[in-house]
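You will see two complexes here that share chain A, one where it goes with chain B and one where it goes with chain C.
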Partner chain A sequence: MPTYDAVVIGAGLAGLSAGIGLAEAGARVFVAGKGMGATHWAHGGVDVGDVEALSRRRGHPYARFGDAVGPALTAHLARLAAAGLPYRGSPGDTPRLVPTAVGGLRPAAILPEAQAAGLQPWAGGEGLLMLGIDRFKDVWAQMAARNLARQRWPDGPAEVRWAVAELPWVERLHNLTALELARLFDDPDWRARALAQVRAALPDGTWRIGLPAVLGLARHAEVFAEARETLGAPIFEIPSLPPSVPGIRLFEALRERLLAAGGRFQFGFGVVKVERSADHVVAVHTQGASRTLRLAASEFVLATGGIAGGGLRATADGMISERVFGLAVEAPPQAEWLVDDPLAEQPLESAGVRVDARLRPAGVRNVRVIGSMLAGQRYLSERCGDGVALASAQRAVQLLSARSAWSSVRNVAS
Partner chain B sequence: MTPTFDAVVIGGGATGAGVLRDLAMRGVRGLLVERGDFGSGTSGRYHGLLHSGARYVVSDPGSARDCAAENGVLRRIAPGCLELTGGYFVATSADPEEYLDGFAAACAAAGIAAERVPLGELFAAEPLLNREIRAAYHVPDAAMEPWELIDANLESAREHGAEAWRYQAVVGFARDSDGQISAVELEDRRSGERRSVGCGTVISAAGAWAGQVAALAGVELKMSPGKGSMLIMNRRVTNAVVNRLAPPGDGDILVPVHTVSILGTTDITVEDPDDARVTRDEVAALLADGDRLIPGLSGARVLRAYAGCRPLYEESDVSDEPSREISRAHHLIAHGPRDGVANLWSIVGGKLTTYRLMAQQTADAVCASLGVAAGCRTAMEPLPGPAAARPYWLGMRLADIEADGGGDADLVCECELVTRPMLHAALEAQPDASLDDLRRTTRLGMGPCQGAFCTPRAAAMLGDRDDGQRALLGFLHERFRGTRPIAWGDQLAELWLETGIYRGSLAVETLNVETPEARDADV
Partner chain C sequence: MTFRDAANREFPPFSTDGCIKCNVCNTVCPVARVTDLFPGPKYEGPQGQRFRVDGEASPDGSVDWCSGCGICTRACPTGVLIAETNNRARASMVATRGTSLRNRLISDTDLLIRLGVPIAPLANFGLRNRLLRWIGEKLLGVARRGPLHLFARRTFTSWWRRRPAVAVEPSAERAVVFFHGCAVNGFEPDLGRDAVEILERNGLSVIVPKQECCGLPFISNGLYDQARRKARANLAVLADYARRGYRIVGTSTSCTHALKAEYREMLDLDDADARAVADATWDICELLVELHDEGRLDTRFGPMPMDLPYHPPCQLKSHGIGTPAMDLFALVPGLRAVDSNHDCCGAAGTYGLKVERWQIAQDVGRGLFDKVRASGASVAACDSETCRWQIESSTGVRTRHPIEILAESYRVYAAG
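Our next item is the complex of A and B:
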């Protein structure tokens, strides 16, 4: 008899959301994550793309479940709020441009509260101050301000300036990372001194302040409120290179919801073996620190991400394989994978596993594929990755719950 | 006022730098102009090998003898640029029997110390080599650092009164009534400013680009650029150079260079020497042949692919032969008797190993024409620089950083341990450096992540420079050029992570570079 109703493989946004949804619906669920997913290197906002347009695109995942994006997003934001990580923005909001750490402009509609002030319309005469931190190498206030000042930014700020604050004690640390700074901000005493020094570094005038995304980790809400109050100005965090503190907060909030809903979680170990019976997967094995864990379940959800996440792997001869179950991968021919411009849309973005209306790949009956593993999306160019992850996760939960095969197993087991 | 030099040397590769030094040591006041950074052409895009000469011992004995002699000279004058790895020639099952049979005698005839190595000894020294190798010779190959070699030549030339300018493209020549070149017209490739430099004589050491330079003087010089593509493996696979005991061909050499190994080299005749794209077919061919030397090498992580263009000279007007059949020997062309431009010379062909000999022969001829009697001293007088090789390994930088007590040692490039102070120093020496120029001086962005993390950090260190966005985008494009042909496995995942950061979080593609100040800058 299976140990679990469902095993979710992958602990990014899609996998954790599916795990939470299944656990909330009463399933015995196990989420197995091999390593840190996209949450840890992305900006922490929610990108759903142009749902309406993409839903009309043949072969796009939204063509199957675009209608699920709104409800899935609403549920997601409610979960995060319940975990103490409120977001601003709603499904259907028109994206606006927010400044990035290098001085680019990124379209965004739904952001964590700490980044949300970047979305507010700029009042006439309102200026933007890009704030750097001395000795922190992943914030580039001067470069960002210079580049922003050159942007064509309709309805942007009247002026962009930059300043650098020195923070207490950090001269003792080498190679300061965003994560270390966030942990320092969690400390109330250090924080009080740091914020006073930041305030002293501000130039005269009234500004909206863009600062590095380092305002606390475990006590982020408290840090953010205190920073806003001490600085006496609207502030917003700007994410930079990984590790992404906003992404880690998101990951931690989702993990907490998963555990609170009764789900189980293992992180750091990938699937090393798959047991099959005809067209069914019976169990997967993960390689733990001291032993192999056999995870038998009636349903499996594959959320291992695409090429960056390690769910797909390419070889020199142009073959792309799905690494857990060996599913067929749909991809353009190797000659067309990449275009000359590293910053243009890359045809290879669309690579993935093709599924039927019930999210099942060819050849296996009890596996559902969700998230950026799904073929036909270009999550970077279309900025739809979070929407696909959330909507496909919710669709998977609905499909599995409707079958309710696992709830009877559960009753028998209990 | 127009500055005037006795000699203007065009091309800042090893040959041009060598010519400049040789002339300067004989008292000829020279100027070197280079259209990019020094060593950014073929010299900086080769496999890093100081030839023993054995590579050409059968196909081109003259070249082999030149290499063997210069190998000895460079050990004496440029020890700081060399890592004396030694090299092996190995016969695999795919290599022809008759080549093996004639090899030892040919080496002896060319004066190359080739020593038969028992296979047990070979595999003990290089355990990853294919066990089906049936014979091996040891030869005095070595790894050579081209940028340090060029810098040392330029430094020595400057000590003797010469000048060297980078990012100066030759755009034309002024001619006097008898057809001689009276001035060289230059364009600064960053500011777009033009200027004119008076000259007594002009030496084109533009390598694969020599045809283009000659054309500016109305002279036809047919080059046959031979593109050679190479792969950078992410670690040292062997400690000595390994060559195939076969006529020169694709995938026949593996050179340990600092922390990595270079697998080379293809040979494809191209029209345009700037066309240094590596194709997927070349990559596949290199890996397939690499597997014959090191089984499983094709499954190892490849960091990057790159290509350089050999400065091969087409001796007849029509040649359907593949370029490897054209002699590697160099040619000094006096355009006076040939084309009626009495004070123009082109030095073409040759190899990095023979750069000094090429420079000597060029300077001999030029000095004779100028009536300068002084002889060549470059074979005896050491180049500036350390007296012994100090091959780079990561622990070396770590030791330096720790010896300083850590200090302000924040790492900008974690892969290659490039610190903030190192970049500050490099920028102080060259305030208008591009990130790629900084790479050549510091190894910025040369590690496994290929600039994913250090690019914006280093760009931010350019401060208020107007071309900051261009510097950032230019480096991303430059790094992508080398990762695109080898985008699979871990390196594709790395590239995808980088793409996610740059497009997803930083929206780098939205930077506005269309400012008047930056418009003409070089990307």
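Our next item is the complex of A and C:
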């Protein structure tokens, strides 16, 4: 008798979302993560790409479930809002430009509320003030402002300026990172003094203020509201180098939800062994301190990410392998993996596992593949990674819930 | 292939080359979260390691503020053994520079129990006396508000010896070796009795061989030579049982993790004995879930209608066995166990007892204490002893081992 209804392998956006959806549907679910990563490295916004165009592209994951992006996104944003992490934007919104930490512009449609004021359009006469923090070397406001002034930015700000604020006490820290600043902002006393110093550093004028994404972690909503009020201007956070504070907020909200819905969660141990019987998987084993942990289930969801996430491994001899089940990987030939321009679309991005309409890879009956592992997407250059993750996770939850009347064994077995 | 993935893990691995400087470890470190004395596991581990030479002191003493919770190692997406690297760095520092009398004393739990239990009424008077605790803080550096448990009036082993002896040693299929650890022996013998009762109820005879402290307090304090002496003494006894197929079971997820991993990962005791013992060692809840999977667990649990805040301790999470206590709680009618979803209680063995670290330990555990208090529950649960004592002393909420909850539930059933 399997211990779990479903075991989800991977704890990024796709894996956590699938785990939550399954737990909410009444399944006994175990989410096994190897380490943290995806969420902590990303900007916290939701990039879905051009759903309509990509849905027409043969072989793209959206060709199978592009229609699921809207509903999945709506559910995801409702979940985050309930967790005190509101987002702005809805499925179908046209992407607008928002400034980056180095003074570039990127298109975004769905952003955390704390980042949303960076979106176009800007009112006539409204300027942008890029605010840096003294000693914080991940964001250089002067450089960002100078670069932004050179951008083609329709409906952008009338003027871009920069300022640097000195914050109290931080000279005592070994190394000032976004994480440490965010934790300091969680402290009401320090925050009050810091915001007063920021206000004193502001030049006269009508500004929207872009500042590094450091406005609190556990008490982010409170910090953001207070900052907006004290500074008396629209403010927006700009994500900087990893670790990403908006990404940590996202991860924590999802983990809390997963546990509250009754899901089990473990991180720190990858899958090292798979038990099979003919065309289905009986159990996976995660590495443990001495013996492995056997996770038997009727269904398995593979959400280990692509090459960056560690789900795929590429070796110098040109082999790309899927690391948990050894599934067949679809990839361009090695000579075409990369192009010289590092910022161009890289063919290697499209490597992944090909699935059928029910998200199943060839040859295995009870494994569903979701997220960046799916073949045919370029999750970075097409900016579709979050959309694919959320939509495939929701599709997997629907497929599994429709198939199984969950044994409703809330207990270990019976 | 990262080190954590290796089917046959080799120790000690030099894993810091795997670091991609992503800082994920720094985001999860509970100590760096509350104090700037500890800059974070990445700076201490993969980065600091470049400046360390075998046999020489670590150039930066801040690594000593690491509490050893191990969360960094689990969070690392590329499999770097960060906490282990840092603990070794501390040990090399202690080996070259020495350490305080306080650290030597509070690590030597066997000695404390030998001294304390025979004079338990007097010793406990001292532990409860504010003036004496204040003096202990000034003289020794043991925090006067640190979570010290009272000595038992009788050790677990003295209770055990008075049980009728079994003439024939039961076979390995029908018996387990109980590693009680020092907490059960000198402080919480009732937990040991509950564990024996539960194991026997489920058809497993219990063998309690002569044993010493697992050595983990010495490991945490960087006293590797002393830890190795304890480890060798235990391996000499346990390896024979392990080879004969006996499972070694403990209630302390800290001791059992030392047997499973730390003897090899930190003490370089990676021989056949250590491997046999590691493979044979089980956390008691892990074993009960295994019995249940095999359909062999007595599930006649009596109802315990209550909310139970449950804190899975760091050492348990380092086992990689999920949260077996949650699976067992789910078998008890009416029991609503809630995972604390908090990283660390702060105690980290002896860390929270040290006067200069007491406040850090309190700050680390604060979110947990708030949750436990806010739950309104009269009892909480946690698998590791010093974590239980920390939660109990910081919240006033009685905190018990999952086994004690289950034993109580069996008794409720028996009472009809």
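Here, the second predicted complex is superposed on the first by the 399 of 414 C-alpha atoms of A that agree within 3 Å, B and C clash if a C-alpha of one lies under 4 Å from a C-alpha of the other, contacts with A are read in each partner's own complex, and residues count from 1 in each chain.
Keep in mind that, in the parts below, a residue touches a chain if its C-beta (ideal position, glycine included) is under 8 Å from a C-beta of that chain, and two chains touch if they have at least 3 such contacts.
Model, not experiment: these values are computed from the prediction.
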Between chain B (first) and chain C (second), which, if any, makes contact with A:Gly310: first, second, both or neither?
both
Looking at A:Gly37 after the superposition, I want to know if it touches chain B, chain C, both of them or none. Which is it: first, second, both, neither?
second
Have a look at where A:Ile209 lands relative to chain B and chain C in the superposition and call it first, second, both or neither.
neither
Regarding the shared-chain residue A:Ala331, is it in contact with chain B (first), chain C (second), both, or neither?
neither
Between chain B (first) and chain C (second), which does A:Leu80 come into contact with in this model arrangement: first, second, both, or neither?
neither
Between chain B and chain C, whom does A:Pro243 touch in the aligned arrangement: first, second, both, or neither?
second
Which partner does A:Leu105 reach: the first (chain B), the second (chain C), both, or neither?
first
Partner chain in contact with A:Arg135 - chain B first, chain C second, else both or neither:
first
Just checking: does A:Leu293 make contact with chain B only, chain C only, both, or neither of them? Give me first, second, both or neither.
second
Identify the residues of chain A that lie in both the chain B contact region and the chain C contact region.
41, 174-175, 242, 310
Listed in rising order, the residues of chain C that touch chain A in the complex are 2, 4-5, 7, 22-24, 26-28, 33, 36, 39-40, 43, 73-79, 257, 260-261, 278-279, 281, 289, 292-293, 295, 317-323, 326-328, 330-331, 339, 341, 367
If you look only at chain A, which of its residues touch chain C in the complex?
3, 30, 34-37, 40-41, 172-175, 177, 179-180, 183, 218, 242-243, 248, 255-256, 259, 264, 266-270, 272-273, 286-293, 310, 410-413
Listed in rising order, chain A residues that touch chain B in their complex are 38, 41-43, 47, 100-106, 135, 137-138, 140, 142-143, 146-147, 150-152, 174-176, 239-242, 244, 306-308, 310, 313-318, 334-335, 337-338, 341-344, 346, 380-381, 383
Note which residues of chain B are touching chain A in the complex, please.
280, 283-284, 287, 298, 406, 409-412, 420, 453, 456-457, 459-460, 462-464, 468-469, 472-473, 476-477, 479-480, 484, 486-489, 492-493, 496-497, 499-512, 515
